[in-house]
Amino acid sequence: MNYTSAEMMVVTAARMLKNGDRVFVGIGMPNLAVNLAKRLHAPDVHMIFEAGVIGAKPSRLPLSIGDPCLVTGAGSVCSMFDVFAFYLQRGLIDIGFLGAAQVDRFGNLNSTVIGSYERPKARLAGSGGACDIACLAKKVFVLIPHEKRRLPEKVDFITSPGFLGGRAERSSLGLEGGPDTVITNKGVLRYDETGEMILTSIHPGVTVDEVLASTGWALKVSSTLEITPEPNDEELRILREELDPTGVYLGGAVV
Amino acid sequence: MNYTSAEMMVVTAARMLKNGDRVFVGIGMPNLAVNLAKRLHAPDVHMIFEAGVIGAKPSRLPLSIGDPCLVTGAGSVCSMFDVFAFYLQRGLIDIGFLGAAQVDRFGNLNSTVIGSYERPKARLAGSGGACDIACLAKKVFVLIPHEKRRLPEKVDFITSPGFLGGRAERSSLGLEGGPDTVITNKGVLRYDETGEMILTSIHPGVTVDEVLASTGWALKVSSTLEITPEPNDEELRILREELDPTGVYLGGAVV
Amino acid sequence: MKQAKVMSLGKAVSELVHDGDTVYLAGFTHLIPFAAGHEIIRQQKRNLTLCRATPDLIYDQMVAAGCARKLVFSWAGNPGVGLLRSIRKAVEQGELEIEEYTHYGMTARLMAGATNMPFYPLISNLGSDLPSVNKEIRYVTCPYTGKRISVVPALKPDVSIIHVQRADRHGNAHIWGIVGEQKEAAFAASRVILTAEEIVPDEVIASDPNRTLIPGMIVDAVVEVPWCAHPSYAQGYYDRDNQFYIEYEEISKDPENLSKWLDTWVYGVTDRREYMERLPADRVLALQGRRRYSYPVDYGYYA
Amino acid sequence: MKQAKVMSLGKAVSELVHDGDTVYLAGFTHLIPFAAGHEIIRQQKRNLTLCRATPDLIYDQMVAAGCARKLVFSWAGNPGVGLLRSIRKAVEQGELEIEEYTHYGMTARLMAGATNMPFYPLISNLGSDLPSVNKEIRYVTCPYTGKRISVVPALKPDVSIIHVQRADRHGNAHIWGIVGEQKEAAFAASRVILTAEEIVPDEVIASDPNRTLIPGMIVDAVVEVPWCAHPSYAQGYYDRDNQFYIEYEEISKDPENLSKWLDTWVYGVTDRREYMERLPADRVLALQGRRRYSYPVDYGYYA
């Protein structure tokens, strides 16, 4: 079958969503994943946007997280304060999707700076809601291209806490939930009992060596490593014909 | 001229309001006072109700503070939290009207219990918003019948702080604003530089001795004591014909 | 799959309100769910902790009927009329435990509960005797100003009962007029029973998402109960029955009298429909206002 | 007597925005008051501290035009497109001071400012490196649970500029769609400039007081500015001009190019009307959605 890395990632993410899940979702691939799941096995997934939109039913693919198409016909619209306080902090969010410039061995995320904070090699957009989501969502899913510089042993700056130095350190701060799954263009990674990332699945055609060579530390590999199931025809049809007909997000290589 | 004590109190209160004042108002006499002022010298007084109604334009005399007539056509309606946090605590309230079972020498108010808290002689309704208003309004106006048991030297229970033991004690808690005026059926009382109540005006036909005999401590009397001006025809006409045509609040003696 | 949430009030109360629960029947004067309180009385729930800023007549009746162990409140009166006599008597006789705050304190407690923050700071309570009789009112020091700030603890009811004007079958609800503490009480609770004057088609609610104060996501039961709030009111549906509030002063003066009233109007009916059958038509008609519609807004459709 | 609040945008900015002010042009994607930002650029205001969760293109332009000394923010990007190049360059070259929070932190700061509470507690920032580079993120200990809770300080802008769909001449304003942080930013500020797509008769606003998020009481200037938000949007009035957001990436890549753009579209026009005259009609027409009205609600008239 013919599909892009982005399609593989989106389909893999979509399959992990359960019906009824309340998902804090961004634009791009996470948005496609949730919409795909809603059209298949999880029609009652709730899409929650940090702009304050609850239960969005978008009529088109939004460019920004605050697009007017997210509002019309939505379940509810509230203030930005409310979405963070009454939904996220209240404990209503099952899954938060996050992107980042870097994710490290313990699932800590960086979206602030490459290099030092005071003299950055590159200044990035900053936390936005990412740190809040990383503190408060029950599970965090990360979608990221699999490259050594993006999966370093330690991020340059912890914008959003994962397990910090391990599960115990996160717990000691009183934080629940946390990192759950990382989906890259090469495979699927989860976390072991210490909070360290572990490769649990590789995508068809990808080798373990290739994954290890693209990771910034000696990545653990699960003893029950699987091959990620490929996208099926129906999934690809929905993605290509209904959700991203112009190929904005899925057209080429990984975004 | 012929008028009741209640009319005297309402007219006196109305005359103290300035155009543009933002008034946190209850039902009954304060409501009448504000409406009277709006029809005369202070058309732009803002009426704010703890039910969350801002700029009410009631079409009838409301029995309760949450009457539907307060809502229709109002300037804005917000939650109860918002009215306390975004208006009162924000510092937007110039004048708060409070009633109470007792007011003491330093303007402390009791609306909780007569007797001890644990074994009350009479259990009253409690603070409601009174303590909040007493802490946060720039000026507190109190309307109360002038009786010894209602103006004791010290209230049985401080529901709502006045000056506590004097202005310095209130300031030491970081509280601004505070007691400003007490209007009774016998006169008008304000506060001196120490925060102690002082008689500044007596109503026509009332003697100072009568006031002193009806007060629970040796009440100070201003050296420039005045006679409260009587209600005029226009004020009485508006009160009787427009605001309280059935005499619910103004018919008889003081409520 | 989605569970059917629409059910009878009897079933909702039976399944979601348990003896010993902390319950919050919301409403500041407006939209007080009297019918739900009566159903709780009929089902003889016991040892409830009743919470609300303004207990109003319905909590007075629930106390008289023996449902309550404790009252958490800020103002216990019959607005514009007088006292709540059953509550007052129970308190004076030591039969009802109380825990009291200011209005701002009660709503701040709900804000904390609704947002899963263990406390909420407010500039109030200072100088008052309230903190001396309620040790749950505490203090923190502001790390910017060094000021002592009073705080109240989160209130998290086991169940909140919220009456609204209109909702869809999923529990997405529109409320307008005085919105009191309905939203905060709903989010603060573990379980939510939503009663509505009308269950309307989904598209009515979806046409105005900014008015959807309660999202279906947090609602466990949706019950259509016309006139649920009487003698309280529902803006745009029926007026407050002020006459009843005044009459209640007489009804509740004598406990036996109140007991008879409960026999007739609560125990003597099976539900709100039967209650409404007993009310004279002219009384109900007198509570109808004239129509006064909001100007609609255009949300636009962007595709 | 009531002061006339309705005035031109030029007068409002001239009288209410001063050099050195802390300003907040509100809007989370929606209702961003671009026209007001351009007026600030034209009036050459200097040394401003620009605050907003999402600075967006308008702050990028204001930084490029030399208006800003400092940026307080939580996410500085061009949503769905990329970076804000002028801001990024100014930060990397040390020409723009920054102070950054999380989104929740920024909105919590406004909540504190709007309610005159010196701090606001939130469960976030823990474990992050943000508190190590921003000493304004501090902690309190919860007096109920003993937990360490992060707090942020109140944000109180000197002036907030709030764009709304419709308002009356007193500044009572209806907002719908994404309501972001408009209400909190308005209440937090010392002065408020309200821009509106339409100034409508008083009775339109009064017909739906629950939708009045901004009360006239806190508004200093009311300005009618149709298309004020373009290329951001006004729900029900015009769509987001996503094409411009994408084009801005090119425009801003080269500072000289951006400078030319500012010459044409900001310095080269006197106001928003002239800006709109330069936009091609087909571009504007493409931003019109189909009508999608809310169902009205009945407030009733009770007399």
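For clarity, chains are labelled A, B, C and D in written order, and residue numbers in each chain start from 1.
We take it that contacts are C-beta pairs under 8 Å (C-beta built on N, C-alpha and C of every residue); 3 or more make two chains touch, one makes a residue touch a chain.
Bear in mind that the values here come from a model prediction, so they are computed numbers and not experimental data.
In terms of their C-alpha centroids, the spacing between chain A and chain C amounts to 40 Å. Note: centroid distance chain A to chain B, computed from Cα atoms, is 58 Å.
Each chain gets a centre from the mean of its Cα atoms; for chain B and chain C, those two points are 29 Å apart.
Counting partner chains per residue, chain B shows two or more touched chains at residues 53, 67-68, 71-73, 77, 85, 89. Under the contact definition stated at the top, the residues of chain D that touch 2 or more other chains are 116-117, 122-123, 147, 176-177, 179, 183, 207, 210, 235, 239, 289, 292, 299-303.
Chain-to-chain contact here is organised irregularly, matching neither a line nor a ring nor a star, and falling short of all pairs touching.
Across the assembly, chains come into contact as A-C, A-D, B-C, B-D, C-D. Chain contact summary for the complex, chain B toward chain D: residues 19-20, 22, 44, 46, 53-55, 57, 59-60, 67-69, 71-77, 85-86, 89-92.
Looking at the complex, you find that chain B touches chain C at residues 27-28, 50-53, 62-68, 70-73, 77-81, 84-85, 88-89, 108, 112, 117, 120, 122-132, 134-136, 157-161, 164, 169-170, 173-175.
Touching chain A in their complex are the following residues of chain D: 28-30, 53-54, 73-77, 79-81, 83, 88, 91-92, 100-105, 107-108, 110-111, 122-130, 133, 147-148, 176-181, 183-184, 233, 235, 239-240, 242, 245-246, 289, 292. Those residues of chain C that touch chain D in the complex are listed here as 116-119, 121-123, 138-145, 147, 149, 151, 153-154, 165, 174, 176-177, 179, 204, 207-208, 210-211, 235-237, 239, 289-303. Only residues 1-2, 114-117, 170, 172, 183, 187, 206-207, 209-210, 212-213, 215-218, 299-303 of chain D touch chain B when the two sit together in their complex.
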